[in-house]
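Listed after this line are the structures, all set down as structure tokens.
Okay, so subunit A shows up in both of these, paired with subunit B first and subunit C after.
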Partner chain A sequence: MSTLPVGMGGSGIAPATIGGEIDNTGSHPGRREPLVLGMDTFGEVTRTVCRVTEAKRPPFAWYIAFGLSVSLVGLLGFCVLYLIATGVGVWGLNNPVMWAFDITNFVFWIGIGHAGTLISAILFLFRQKWRTGINRFAEAMTIFAVMCAGIFPAIHVGRVWVVYWLFPIPNQMEMWPQFRSPLLWDVFAVSTYFTVSLLFWFAGMVPDLATLRDRATTKFRQFAYGLFALGWRGSNRHWHRYERAYLLLAALSTPLVLSVHSVVSFDFATSQLPGWHTTIFPPYFVAGAIFSGFAMVVTLAVPAREMFGLKNLITLRHLDNMNKIILVTGCMVGYAYGMEFFIAWYSGALYEKFAFINRAFGQYWWAYWIMVSCNVITPQLFWFKAIRTSIPLMFILSLFVNVGMWFERYVIIVTSLANDFLPSSWDRFIPTWVDIGTMLGAFGLFFTLFLLFCRFLPMIAMAEVKAVMPQADPHFGEDHGDHDHAAKGSHA
Partner chain B sequence: MSRFLFPKWSNLLLPGLILAGAVAPLYAVFVVAYGFSPKTMEAGYQPEQPVPFSHALHAGQLGMDCRYCHNTVEKTSHAAVPPTQTCMNCHTQIRPESPKLVEVQESYKTGEPIDWIRVHKLGDYSYFNHAAHVNRGIGCASCHGRVDQMEVVYRWAPLSMGWCLNCHRDPEPNLRPVSQITNMAYEPELELSDDERLALIDKYDIHPSENCSACHR
Partner chain C sequence: MSHGHSAALEAHLDTANIRLGGAGLKARRLALAAGVVGIGASVLLGGAYGGEHGIFLIKSWLQVFLLVLSASLGALFFVIIQHLTHAGWSVTVRRPAELIASNLTWIWVLFLPFVVMAATGKLGVLFPWADLEHLKAHAPGEYDLVVAKSAFLNQPFFWIRAAVYFLVWALLARFYLKGSLEVGETGNVAVEARLSKWAGPSAILFGLTTSFAAFDWIMSLSPGWFSTMFGVYFFAACATTGFSTIIICCLLLQRSGRLQGLVSAEHYQDLGKLLFGFGIVFWAYIAFSQYMLIWYANIPEETGWYLARQIGNWPYVSLALLFGHFVIPFLGLISKWPKRMPQFLMLGALWMIAFAWVDFFWLVMPTIPHELAEAADYMAIVEAYRDAPTGIFNPINLTMTMGLVGIYAWATLNRLERYPLVCRRDPWLQNAVAFENM
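Right, the complex of A and B next:
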């Protein structure tokens, strides 16, 4: 805990602003920029965060967003029921394109989730304090994204009523899933991911739920938040166990950040299809997942902090940091695209070469170039600090990244399948309205869940944010500025 | 303070909750494994037939051969349910006035077949060939049970996929000479030694497929 109270009036310099927001993005040796702005007490943090759920009515924009999202959920329900009642023929699938929108959406949503886990687990273990402002809703995003992802493998099997066959359950047929298939590993990877993420999210939320319970004014809120606060009273022992549990869960989640999307990439990489059969896939998929996930966090954070007045907690510094991660992972993704082409040429394999030339200049050239411009060119703009700290620009660019990453999966899946080894079997995938409706519906489900979360649960980890405020520093107030660094070191 | 904390008695629920959390997944697996099985769901199915025909009388006491009525069993995949005419081969002479035969007489006169209710029914997605089995030493009783003792026929075997595979993986205990196919009382494991049954595998050239497409064509 060496956060210095600089920027809390201690530095004596009036805070600079960018686009009307306080600029806390600087990095100066020896002093840290504040992560919470304009708040001098813990109580203010509590009030700012709790206000969102305690307000009589959410902002008007919430109603509009919610109405739109719920309508899309209705569309999702209709499309899924129509699919189940009719069969997978209602999608535009054909032979050889037997995977298209379904698995594209699955991989897209699983990828989105990864930012939440990275923020909550890896950044926690690396003691990145800025994570506290965004971890709660990024984790929520993870859970909702995995829920959206889970729909697609379940409905694409055709006979949905026997979807439990995905799991190795003893049965009268004496049939088992193929344990050597990554499709089965996927079942385990994704269900583990969901379980651990949910536990992590919930465990982290317990103290904040207790805060909401204690502030609740109606019987129902007291009971509902009280039930999920698990009797939290904030005793020293509670905190001790909580911190232990949180650390352990972070350690459990950390390998999942890397493993889940690696396993998802095996679905493709272990097959022999040119365009899929690539050893670079696991790291490439993980980088892409974090890339798309952070883009989605920015997409959600920008309007959310606006709508619910959380600008002092999700500051420019948080957004700037996320944009830097988008830049780094965007470079990795761009490198992977380049390396795929290099290997296609370097391998000398005829089919491999064709697959990639076909990807860029074949029937799906437009999808490929949407992907490249969104995923390779867009993040490069984040080299410029002016763009990294411009709210409207980062929002637009994050949308581009979302679009690009959706198209990445589409390109990988559809172009590889549509033009396989045998020209006589080549075909073209054209999505039907059910394909498109299901895709939009999944977005609806995601935003519906997210909006409900914003309204009813603490969107920001209050307890954790307080811990990174200067006030949490034991030196704060008494001896601040009294001693030099050496003396401070001996105290700590 | 008005905040909600768990009352003391709720501690008693904790072991129950933990137990439920641990048992619920096991229970779900158990339900699927046993509850969804045809052994639970379908074995023992015994519908009431339109005519009170007794297999116990015809095949048991009178000792009629199964193939007198189910005459296509050795030649085709389907073991025929006999037409009314087959019944009338005897019943024009024997007890023609029996009240139990009213439906049969009616059917004989009008030419409308009797609406027998099918007891042994496989899914449309599975192919089964009677001829392939009875010509290679699998007796009727191996799958249908002691029909010669059934007053009203019921489903004796589960006819589940696991049950089929059980024999396809290890047919030897169920093999008998083709001459004993319709002998309901014949028990291969008592009548034949292991070596004799193994010899039948060679004799009938038995190598049952475990391939999906053997049955799901």
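Right, the complex of A and C next:
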């Protein structure tokens, strides 16, 4: 496809390209660039997306990635079993530092999930049509990330076989969790989040599962996709119900974007520990979560669109927009770092001041500066469009953000604990191989699930993408490219 | 591009529809009269009673000044965000927002009473850190804390910062209004692109200046107290008054026969959503988070600020805020139809401004009891202040609100009269008029 059809926002002449890809990132006041490139019909969208799951074999790169990821899952299984069999002493935890890699990983993975919910819920309410290209796999990412997150609080309790005590289950011992503890609120917040995200993801996928069912050529595929397509026939009434449900689930998910990470931040901020107790934590954690989540979406989208031939559906404009969100949320995180530092000084509280100076210049200075560099400094490069639209650079910068956001949680948790009120109890946390193995293993689990999802489920919300194509406009084709187009269709 | 407008749209862009003309004349005179009478009456009331009432007068001025300031800041935020996101739907309601925001070019005038106070050495009456001698004599515990932060809380730096805030706000408001006026005249898309290009840096400047203004003008009223969230709280308050004012302004313009066929229920629904999302829910989220974290940790350095709002008759105001600023409007505006019904949305917007007023009253008026640092326990303070009045029935509240809001309304109406009410050659205009919620 060398030119854009006129009706798709193109002028009929060969479009500009960036790095060999069609440049649809331009901003032309009064006109939106197309979100789907090089496709004139809905059928092409269906074929492009379904090809990924219908191909006899996935691309060779998929096997390599899957092999690596599954090996890491093995490592995770081994580390967790070793931990359960031996005790939490196999981690590097010590007396002041009673939380370290475990809760760092937990908060990191919960944060990663937030991009999916933001894209599917908040961007839906804000009518951001570009979300349709990325929402499906971002939501899948949310679910897998929450699964990874869930492992850590479960195994860090030590006696993992009584982990169900986290839930307020009536029992003859009259034993209840502490309802006044934010740790319990976390149990509720995260399980609600997981449930709603799963429902939203699944409900949104039903029409696409029906498409896969209808195209299936083997009995097994017909049965499996047919089972989960819930008898979807695409009737007018089905669509009507579907759209209502979608809107309601979006409205339910929207407060969850804020509440989940706010509750996670309460785990720290309700305490009296300097560096943990600060009022900006809830919005700061939420911004950080969205920041890290979008970075992970970019990290996944860049190779996935390459591997599965989805460049015309996940276009440069999608990536450019995501990089802008990374820039915005990165600035918010920077604002929070600055405010914490300023108020630590302004408060006049001795311990608060110490906690922050210690973070920047104490024994963990390197972690602090990795965090600031990756979260505040390098994302500023996204001010430049050339960097926002450069595939290799955005990939590298998104990896930086992933690293930076992991270190943010590490810095918050470990520095505040390691140097608390009493210098005689100060210590230093040194991770053991089990700490590191479990952390890497969680990445393995995440990528394994993601790769399986790519292979077996519709990676892009076909039905939703079609709805934002110009062809979906009932007046499409009546007056090609005329500027009066919008005015004639009063509903446009 | 100019030939791109359909005939129907051209008809809506007729001068009679997009210029206020003489329609606002009566309202303008009324607003100016209310302003002059209100300020005069406030000064008389404050001066006549002296002492306590003098302090109340100046606090009341600060409170209502913050109210009108927040409306313009909220409108400025709206304008910047529209350009930042290349929004198409909002073009027909953006000009009123730009004009409300452009009050920021003169709003510093309302800050002059504080300059006068400083010049006569009385600023310490309002901001305890400005009179360290007095603080040392009356609250030695707090004095030690405040001296430690005098590198920030000192008069020269305070005034430099205030000047920077007013300058930044004036420049931003002017930049966006002038650019929009130029696009309206010429349809020059290069100008539109420039406005978008600078929206990012503008948003950052906006965020930093409003945060520190909140620290300076509200948080430092209790100089011992601190909260990292406070700038965000003030931002949420700006969203409440800003979106409410835009809604009221558009509704009144339509009631006077302007903007017909340009602003529809669709736009009101979206403005209502923004008011609901930012001014009601986000505000409650921030207010709750700040309160909950301080209440839960229960550290004396922080709890005093909330204690001052829980003693005497203050619980009534605090609870009024909880229900009036969140629970009731949350239920009232959550559905689709109230946001699309002009009468109901007008009521909602006026209601929110009323409770934004209460919010600023609650932020500005209470003082943390000095004896708190030495008190054996909280209950002793609670007991001692059992009948402490809030001053909510002080007539100055009424006259001052009438005065400053009157002046503000007068200035806004002047602006609405001077400029076209819509950016008539905006490339997104067509899109905005045709816009529908799904």
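Convention: the second predicted complex is superposed on the first by the 469 of 492 C-alpha atoms of A that agree within 3 Å, B and C clash if a C-alpha of one lies under 4 Å from a C-alpha of the other, contacts with A are read in each partner's own complex, and residues count from 1 in each chain.
Following the convention adopted for this analysis, a residue touches a chain if its C-beta (ideal position, glycine included) is under 8 Å from a C-beta of that chain, and two chains touch if they have at least 3 such contacts.
For clarity, every value in this text was computed on a predicted model and none was experimentally measured.
Asks: Quick one: subunit B and subunit C on subunit A, clash or fit?
Replies: fit
Asks: Is A:91 touching anything from subunit B or subunit C once the two structures are fitted on A? First, second, both or neither.
Replies: Touch status of A:91: no partner.
Asks: Once the two complexes are overlaid, how big is the angle at subunit A between subunit B and subunit C (Cα centres, nearest 10°)?
Replies: In the superposed model, the angle at subunit A is 100 degrees.
Asks: After superposition on the shared chain, which partner residues are touched by A:406: those of subunit B (first), subunit C (second), both, or neither?
Replies: neither
Asks: Is A:446 touching the first partner subunit B, the second partner subunit C, both, or neither of them?
Replies: neither
Asks: In this superposition, which partner touches a larger number of subunit A residues, subunit B or subunit C?
Replies: C
Asks: Thinking of the overlay built on chain A, is A:108 touched by subunit B (first), by subunit C (second), by both, or by neither?
Replies: A:108 contacts neither subunit B nor subunit C.
Asks: Does the superposition put A:270 against subunit B (first), subunit C (second), both, or neither?
Replies: After superposing on A, A:270 lies in contact with subunit C but is clear of subunit B.
Asks: If we overlay the two complexes on their shared chain A, which of subunit B and subunit C does A:339 touch? Say first, second, both or neither.
Replies: second
Asks: Once the shared chain is lined up, is A:383 touching subunit B (first), subunit C (second), both, or neither of them?
Replies: So A:383 only meets subunit C here.
Asks: Could you say whether A:172 touches subunit B, subunit C, both of them, or neither, answering first, second, both or neither?
Replies: first
Asks: After the superposition, what is the least C-alpha distance between subunit B and subunit C in whole angstrom?
Replies: 23
Asks: Sort out for me which residues of subunit A touch subunit C in the complex.
Replies: Residue positions touching the partner: 27-32, 125, 127, 243, 255, 258, 262, 266, 269-272, 277-283, 327, 331, 335-336, 339-340, 343, 345-349, 383, 483-484, 486-492.
Asks: Considering the complex alone, what residue numbers of subunit A touch subunit B?
Replies: Contact set of subunit A toward subunit B: 164, 169-175, 213-214, 216, 222-223, 225-227, 231, 233.
Asks: Where on subunit C does subunit A make contact in their complex?
Replies: These residues of subunit C touch subunit A: 1, 4-6, 8-9, 86, 88-89, 145, 148-149, 152, 189, 192-193, 196, 200, 204, 207-208, 211, 215, 224, 226-232, 273, 281, 285-286, 289-290, 292-294, 296-297, 299, 301, 426-428, 430-431, 433-434, 436, 438.
Asks: Name, in rising order, each residue of subunit B that touches subunit A in their complex.
Replies: It comes out as residues 1-6, 29, 32-33, 36-39, 158, 160-163, 165-166.
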